[in-house]
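Once you've had a glance at the structure underneath, I'll fire off some questions.
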Amino acid sequence: MNKVFKDASSAIFDIESGATLMLGGFGLNGIPENLISALVQKGASQLTCISNNAGVDDFGIGLMLKTKQVKKMISSYVGENKEFERQLLNGELEVDLIPQGTLATRIAMAGLGIPAFYTPAGYGTEVAEGKEIREFNGKMYLMEHALHADFSLVKAWKGDTLGNLVFRKSTRNFSVAMAKAGNITIAEVEELVPAGEIDPDDIHVPGIYVHRIFQGKDYEKRIEKRTVQL
Amino acid sequence: MNKVFKDASSAIFDIESGATLMLGGFGLNGIPENLISALVQKGASQLTCISNNAGVDDFGIGLMLKTKQVKKMISSYVGENKEFERQLLNGELEVDLIPQGTLATRIAMAGLGIPAFYTPAGYGTEVAEGKEIREFNGKMYLMEHALHADFSLVKAWKGDTLGNLVFRKSTRNFSVAMAKAGNITIAEVEELVPAGEIDPDDIHVPGIYVHRIFQGKDYEKRIEKRTVQL
Amino acid sequence: MALDKYGIAKRIAKELQDGYYVNLGIGIPTLVSNYVPEGMTIMLQSENGMLGMGPYPKEADIDADLINAGKETVTILPGGAFFDSVESFGMIRAGKINLTVLGAMEVAQNGDIASWKIPGKMVKGMGGAMDLVASAKNIIVAMQHTNREGESKLLPQCNLPLTGVGCVTKIVTDLGVFEVKDNAFHLLERAPGVSIEEIQSKTAGKLFVPDFVPEMEA
Amino acid sequence: MALDKYGIAKRIAKELQDGYYVNLGIGIPTLVSNYVPEGMTIMLQSENGMLGMGPYPKEADIDADLINAGKETVTILPGGAFFDSVESFGMIRAGKINLTVLGAMEVAQNGDIASWKIPGKMVKGMGGAMDLVASAKNIIVAMQHTNREGESKLLPQCNLPLTGVGCVTKIVTDLGVFEVKDNAFHLLERAPGVSIEEIQSKTAGKLFVPDFVPEMEA
């Protein structure tokens, strides 16, 4: 069993135009920098990208928007990106906006093998249009479906050769659920260690979900809003 | 904010007869030994107990069966207990048997604020009787509901004064989901440490779910099947 | 004198109770954390996956792996915990958050809230707001009483697309504190020096004014 | 000569492929782990919350905090992971387990399986069996061909309460290997020295016997 790849471009060898991708991260926090660069280089287009945000103009998914590789974004918040706005208003880009908790949970349900569930988020709003509405214990809920992807691209702090992943601080965000929801999950890590080096009590994503892993390089980890205490 | 209690009996002061309890553990692995002893001593009766198993004759929930404190068991497997069998056959005990994954997931959904979901487990069997059946992507599923409890009683390895919990090895089992599903969650730990001593990346159950915590004592950790390599 | 944004935040901080788990939205709500009474333990949740959010870091402590839901660099307090977005919204939906404070564009007298979209202008997305308002038991809206055009934001019904229905329980504006119940805004307190007449003139929705309306402590 | 339980386990081990994540039920299925071909990496899942389950511990290494789904003390291999029951059944339902091996009381020619209850006798509960059979794509049943009364366990339809419907893909018994498809048991291999006539006489369900049925390698 070999899950270890040399680098990002070898790990995405079979991502073709038209694919549906999940990309981990929240804002620019914990995004798969190496994999995004490789996708830009490879040039696969007409992609459907599921990601909480769309990056900024010159970093993260913003890089893929610039090259017009993205056909559709499925996100909860996309307000940080001017190129995004331009393409959206021009009709070059489709967008599906989903409440953040619903988005996270739909992804999680794919990893849990649960096809549908009920959530209160969006009841009585335009998000509820066309959805099954149902009352449980006197409260109204919408039925939502699990969200799957052809490929999930995530970035973890540490990983081992069997694909076990550990995240650092707030970078777990959408990446844990996405890692479990991809038909093929590709993980880049800051440090790749031999199997057995990570304490099995501390693993955030067991290797069973991770099909390919490689040690990334040159992490920029750009900060969106640098706020400091005076 | 003070969540710390002196011991098990002070922590269960308001568990009255007729309450619905979740008790963590798998077999005798990771069960809340101190809390069970305190419940036996207190003598609250007519309890509904949600627990994957029912202990053995003289340990775990078996102790509460002996004293006839349990009105109803909700479990996936109860085959290790003769007193249980006797009470069941005599009609002294109600039992609701649920597929293990469905049981775990129904508990998890309570902690996730999701009232209902769909699972394939039990389709076409007597478990499906009376339940909504629905097809998703060509496969048949049952609708199942979240499972709540008045009190969740769990045992962790380490905990801090704000209720954060860490488990050891296979003891996480049902306890993580149950800790999140109780209206009041009471945790006993082998070691209680000040807030800040546990790495926030390694916490299995954040303290927001845990209302009371105490350091347990005299752990027996009985082994059900002592198997060794020759 | 009407409250400034710090005054609004300070007033909302009086709603805190020891041991509360609190979610503060971006903008004025974030400022509430500066007015936590001494000796009170409040755990702030950031919906990108953190409990126990602390103040901004010192320059030397900035960590790109640690941001809040507003994408700002922050710190974590002792006893805090990291988790993922699924768990984060799980605890929100399960009602584990004792108090949610967020901004709004409009609030209706039945508790409806609009805060995420202005048709025809750019749509940024609802982020976590729809999950929060659909789930929280105790929602306080922090906002200016009127919009930039001077129009009331407390309305008979919302004109903008809704974020959630019948969910707002209290509103703190620059002019006063309002409880939302029985299909009306109930005036609880006036900002220092603000008259009931001013509040009445700037509230488009049904306003209930009791016989005595205390002035807010300064 | 019919296979003993070790022979059944050994035959099932031939179905393993490098990199497989496998769930082995209690009894004969557990024995399969003793026959993993050398050089092959197989990760065993134990549904109480572990991947990478290792052999029983040495006496000195027994840890009461580490058991398998059969409640036996075990070990974990390098690269294994612990998790909770929710995640454990999540990976099962999501189809991440490549092979599931379990016992049965009865299997029907349409793939139905009965394994958890004998009405009138004690009911122990289904444990995780219903989740496993409803979710796994690749289910092999390991069992004796006949019950203690000598009656066939491969039936036109199950008589006992079902565990799952239309889910069994393969059966390995003491007498042979069977694929379950097109509403029939298809004989793939005979146990060493077992005749087709014996298999036919002990199979109550529809049996399809191809022209040539190889004898299993010893």
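As written, the chains take the letters A, B, C and D, and residue 1 is the first residue of each chain.
Assume a contact is a pair of C-beta atoms (placed from the backbone, for glycine too) under 8 Å apart; a residue touches a chain by one contact, two chains touch by 3 or more.
On a predicted model such as this, the values are computed, not experimentally measured, just so you know.
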Point to revise | Path length in steps (a step moves to a chain that is touched) from chain A to chain B | key: 1
Review point. Which chain's mean C-alpha position is the greatest distance from chain C's?
Key: D
Check your understanding: Which chain pair shares more contacting C-beta pairs: B-D, or A-D?
Key -> B-D
Exercise for review: Express in whole angstrom the distance between the two chain centres, defined as the mean CA positions of chain A and chain C.
Suggested key: 29
Point to revise | Intercentroid distance (Cα basis), chain D paired with chain A, Å | key: 36
Practice item. Would you kindly tell me how far, in whole Å, the mean C-alpha position of chain D lies from that of chain C? Key: 56
Revision key, fill the gap. Chain B residues touching 2+ other chains are 105, 112-114, 119-120, 167-169, 200-201
Exercise for review: Please list all residues of chain C that touch 2 or more other chains.
Suggested key: 50, 76, 82-83, 86, 89-90, 92-93, 135
Review point. What are the touching chain pairs in this one?
Key: A-B, A-C, A-D, B-C, B-D
Review point. For the complex, which residues does chain A have touching chain B?
Key: 105, 109, 112-120, 134, 136-137, 139, 141, 145, 166-169, 200-202
Point to revise | For the chain D and chain A complex, residues of the former touching the latter | key: 18-19, 21, 41, 43, 45, 50-52, 76-83, 86-87, 89-96, 135
Practice item. Please give the residue numbers of chain A that touch chain C in the complex, ascending. Key: 26-30, 52, 75-80, 85, 95, 97, 99-102, 104-105, 107-108, 119-127, 157, 167-177, 204, 221-229
Revision key, fill the gap. The residues of chain B that touch chain C in their complex are 1, 110-114, 160-162, 164, 180, 194-196, 200-201, 203, 206-209
Point to revise | Residue ranges of chain C touching chain A (in the complex, touch as defined) | key: 46-50, 55-59, 62-74, 76, 82-86, 88-90, 92-93, 112, 122-131, 134-135, 161-166
